[in-house]
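Just so it is clear, A, B, C and D label the chains in written order, and each chain counts residues from 1 on its own.
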C-alpha cells in the first residue's frame, strides 16, 4: 500500500527502476479535458536523466504512452493509464549491490520491511518512480490552467551554501529553464554549477532547497482539519525521494519573529479582503487566502557518492563500498518538476474537492 | 471532509470551540487492549488550558467520557467514541469578532470556503479541536507500549531565539514535565519563561520549535512511496494549528552537508545492521531503520496578540482590532502533547499496517 | 474498522446497544444547509422501538442531540456530531446470555473475531446501531430535497407469504405511514398484521421484503466500475442487520426473461431520451437513466424467538436457550426507515461526487 | 473515480474495450508470494472470449504481462502492474453505434454522466474491463491458498428456467469445467446448452444465476457494521456487468421461512461451536462462522440481441437498431470466473484486515 495519492484527483503509481517500466493510473480527472501526449512529455523531459551534464547519464527517452482514458483528444472521465518503458536498464551494473546495503539508501529498510527486494538500482525506491507523478502532475497542470487559471512554478533556491535571490511573485518559467541548474538567479546559478562540478570532481554530492509558488489560487481551497492545504503539500513533498524538510510561508523563519512581526494585516481589496503581507504563505487555518502559496522543500545530498564508504552485507558483515552506477551529484535541478508535480496534484485535488462544498447558495 | 486521519488506526474528530463539546471516534484500535479514562486524561491534562501562567486562562477541566468501544476495561474492537463537553465557553467574549476577520486566523478563509462560519472563538479552527487528537493519541500510546515497546516524547527545543540543548536519546518525560515550558534544559527553560513573560507584557507573542523522538521503533515501519513514515508525520504535524514547518533527521541542516558528511554508515549490530550515525532521523526511503525517529515542528507566534492591528470587516472595510479574548502568548508548551499525539497516531497506524505485510515467512 | 460509509457524504457510526449511547459523525455535508433537530427526529421516530404493538417494547425516546457542525440553524461544513443516549438499557436482562451463543445472532462470530465482546443485547451488532444511519440519512434527505429534488420512499412489500400490490411510481409517504406495518396496500397490510400476530403468539418470527424507490433522480449519477450506484446500494443494504438479499429493477426475476423481454427501449422524451419501460430499475452500466431507481431488500425472520433452541456455551458445551429479552417478531416495519437511510446516503454521496465531473463545459 | 476496489488488497483497473489495452494495479499483495504469469493466465483463459461456441467469437488471446511488483518469481510488496493488450479491436464494427444509444447498455448513461464517450464496443463499460479483476483475483486466489487454505468456486446454477442441482459442499472445479456452460449438473448443462442455442437462433438472449462457494474460510472474517463480508460481496457482485441481484445463504428464500425454520442451531464441534445447518450462508452479523460462504448472483439476459429494437439517436430521435457486433447470447459461462474473482478479492482483503485485529493475546 502507499502507492496512491489524492482523493478526488487520485494517482496510483507502479514500477521499478529496472523492471519493464514505470506507470501511473490517474483517476478522477474530469471528462472533456483536451489532452495529448505532448502535454505530458514536456514535464517528463524536464525530469528526464541526461538532460545536462549536471544530471545522471542514464540514457532514457522516457516516452510516455497513453493507454486509456483519452478518446479523440479529450479525457473521457475513465482512468488514464500511462506507461513509460525502461530502456537503458543496465541491471548488470548493480550486481555488486545485490548482497550489501548502500548507506542512506532504502536497501536495508526495504529488506527489513519486505524480506524480498528488487535490488536493481533501488527498485521501487528509485527516483524513476517519480515519472508517474510528473506525468500525472502534467495532467493536473492542464486541468488547473483550463478551469482555474492556477499555475505552479518551482526553482532551485539553494545548493549547499549558495543561495539565490528570487521574487516568487514575478519569477518565470523561462528564467527557471534558462539554466541547467533551474536556478533563475544567474549569479547564483553559476556558483551552484561550480559547486556541483566541484562535488562531482571530489566524488561527493550536494543537497539544496527547491522553492515553489502557486499563483492564481482562489481563496477557499484546502480543508480543515487534517487535510489542510499545507498538510497535504507537506505529505506530498516529504514523499519525494531525498526530501527531508518542508515549510510554508515564513516557515522555520517564523520562529524568530513575534506575532506583531509575523501577522499578515488584512486590507480592503477590489474583490474582498487581501493580506498586506504574505508571511502565511497563502494559507491560514489550512485554507488559501487568495495570495500566492509559497513553500520550500529541503533535499539531502545524493546518497550515492563516488567514494569508498563503510557499510555491511546482507549477512551483517562489515564491508567497503565503492559506488559505480550512474547518478546525479545533486538532485536539485531534476527535483524541480517533481516538486511542481506534487503541488499540482494537491491543488487539483482540493480544487475538485471544493466543488462539493459550493452546492448551496452563499 | 478532512476530519479523518489514518488508515488502520483511524480517527475522526468533530466539535467547535464554543459548541456543545469536542469529540473523536477512533476506529481500528485492536480488541482486548486494557483502557481506562485515566489513560486518556493524563495527556489531556498536559494539553489543557490553564495549567500554568504561560497558558490561556480559559477554565476547562477537559474531562473525557468514553461513550463506546470499551467493555469491562478492555477495548472490544468497536469504534471508541470520546466526548469532552465545553464548560467555559464565554461566547459573548467573541461578539465583537462576529463582523471582522482577525489577522492570520482562519476567520476570513473559513468564510471564503464555507460562506457560513461559527465565529465564536475560531469555531472548528480552534486549537480546542486537538482535544480529540490528544485523547486518541493516548490510546495509540497505550497500544504501542503494550504491543511494540515504542515510546514517543516531545519537548520545546526553541522559543523565539532561545535554543535548548537536549539529547534525544536520553531525554525523559520527567525532565520535560519538570518545567511549565516543557523544555527539559533548565537554563533554556528559564530564558524561555522570561521571553514569554516579556512578550505577554508587551502585548506580543512568540513562536518556537518542538522536537520529538520515537524510541524503540523497529526497522521496517512506513510504506513507499506516498505513505513514507516522514510523509505521514509531515502531514500530521502541518495539520496542527499554528505549525509552519517540519523536518526529519538533519532536515534543513542537511542542505549544508555533503553526501560524505550526511550519509549514515552501516555497521554490524547484534541483531542486524545499525547506522553508526543518525542524520537520516531514523528513516531511509520512508521506512524506519531501527534507530530513533527524530523530527522537528516549527510553530509561528500566536496570531492573537494584545495589541491593536489593522484588519477589515466582513464587508471589506478597514477597521482596527484590539484583542480581548483569553489566549496563550506562546503555544509551544501546550503544543508538545499535540505533536506527540500526531506522532503516536502515525506510528500506531503504520505498526498495524505492517501486520498485513508480515504474512508469508521471511 | 468498517464503521464508515460513503466517500463525499461520509458517516461514521459508533455505540452499542447497552452502552452510554449511539452516535454518528457526518462529514462532507455542504455548508449553509438549513438543519434542525426536528429534521432528524422525524425519521428517528419512524425507526424507534415501541411505536406500535408490532415492535419491541424497549422504551427509548431516541432523542437526538446535535453536538457540532450546525450554527444558527445552518450547517457550517464542519463534521456534524449526533448523539442519542441509551435510556432503557436493562443490561440485567441479558445476564443469562453472557456465557452462550444465540443461534443466528452475531454472538459467536464477534467472539471469534475479537475475542472480547459486549454481550449486552448484541452490543455493536444490535439494530440500535442503525440510529446513527437513520439520523445521518435524514440529513441526506434534507440535502437531496433542497438541491436536487430527489425523494426516497420505502415500504413493506412482503411479509412471509403475504405480498402487497404497490405502484412505485405513485405510492406516497402518507399511504406507507397509514398502517403500523408500513405496507401501503391495506388488504396486504391487514394480512401481514395477522401473520405477525400469529407468529408472536406462536413464539416464532417472520421475514419479508422492503421495496424502495428513489424518484426525481437525474440521469448520470453513479460511477463505473466498482462504485456503480446499484453496487453501493447493494453494499448499503447488505450492511443492515438481518438483510440477506438485494436486487434492482427486475432483479432475480430478470433471470426468467429473454433479452427481448427485458431490454428497455429508448424513446424520445421532452428533455432527452427516456426508457419506455423500467426493467433496469433506473440504472444502466451503474449510472442512473433518469427513471425511478427501484430495488428490493430481503430480510430474514428475526433471530430472537420466544421458543427453546439448541445452542452451545462459550465453552463449546450443548445447552438449551429460551429467549426472554424484548424483541420484534418481524423487523420489516422498522426496517423501512433504515433502508431509506442507506439509499439516501448513497444518493447524496453520488450527487456530490457528480459535482467533480461537471467541471468542463459539455 | 470508482475504479478501485478493496482496502488492504486493493485493485485499480483501467482500460477500454477498443483502446490500447486493459490493465490493473494490485496494491497490498504481501511480499514473498510465489507468482508467475501462469497463475494469472489460467483464470484469464476461463474468462476469455471464443473459448466455446457459447461465447462471443472476438479473437483475443488475452495474454497478460506482469510489468512490476514481481522479482525472481516472488512478489516484492510493491504494486503489481498487469497489462493485456487489445488485439482484435475492430472498432469499425461499431461505427454505426456512434450516434445512437443501444437499449439497456451504458451508452446513454455514460453520455449523461460524462458528456464524452468512447463509443467503441462500450468503451469502459465493456465486460473486457473485468480482465483486470480476473487477473487480480488470480493473485488473491494464490495468496488465499498459500496462507489460509481458502478456495473459491462458482458455477452456473440456472440459465433462464433451467435449474441445476449442485451440492456446494462437494462440487469440484473439474465438474464445473467439464462442460462449456460451467454447470456441473450434466443434465441441466445439456438443457442450458439447448436453451442458449435456441436463443441465439432466435436472435435473443438469456440470463441466469451463478452460485458461488468459499470453502475453508475460518470463523472471524468480515467487519461490522458497513463492511460486513456479505456487504462487500454484494458490492463486488453488483459491480459486475449485467448483474442485477445478490443474496447470501437462504437469501430471498429466507423470506418464506419462520425464525424457527431459518435459525442455524449451534452444536459443539471439535474445535469450537459449529452450525448444524447453514441457512446463514456462512455469515452472521457480517462475520464468518467457519461454515461455507454461499451466495448467488443474478445476471440479466445479454442486452445485445440480434433483433431489431426501438431506440433513439444522440439527438433524441427515434430510430431502429439491428445489432451486428460479436456478443454472447448468454453471459453466464464467462461470468463464473468474474464472480469468483470478486469473491477472492473480498476474502483476501478481509483476511489481511483481520491481521490488524489479531494483535493482542486472546
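In this section, contacts are C-beta pairs under 8 Å (C-beta built on N, C-alpha and C of every residue); 3 or more make two chains touch, one makes a residue touch a chain.
Since this is a predicted model, take the numbers as computed values, not measurements.
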item	value
Identified repeat of the A-B interface (over half of residue pairs identical), from C-D, B-C or B-D	C-D
Geometric centre distance via CA averages, subunit C-subunit A, whole Å	45
Distance from the mean Cα position of subunit D to that of subunit A, given in whole angstrom	39
Separation of mean Cα positions, subunit D and subunit C [Å, integer]	26
Multi-partner residues of subunit C (each touching 2 or more other chains)	1-4, 8, 13, 28, 31-32, 77-78, 113-115, 124, 224, 353, 356-357, 362
Pairwise touch network: line, ring, star, complete, or other	complete
Complex interface listing, subunit A residues touching subunit B	1-5, 7, 13, 101, 103-106, 108-110, 112-115, 124-125, 129, 158, 160-161, 199, 204-209, 219-228, 230-239, 241, 244-252, 254-269, 272-273, 275-276, 279-281, 283-290, 298-305, 307, 309-312, 316-318, 353-354, 356-357, 362
Contacting residues of subunit C [partner subunit B, same complex]	1-4, 8, 10, 12-16, 19-21, 23, 25, 27-28, 31-32, 65-69, 71, 74-81, 83, 113-118, 123-124
Subunit C-touching residues of subunit A, taken from the complex the two chains share	8, 28, 30-33, 77-78, 146-147, 224, 352-353, 355-362
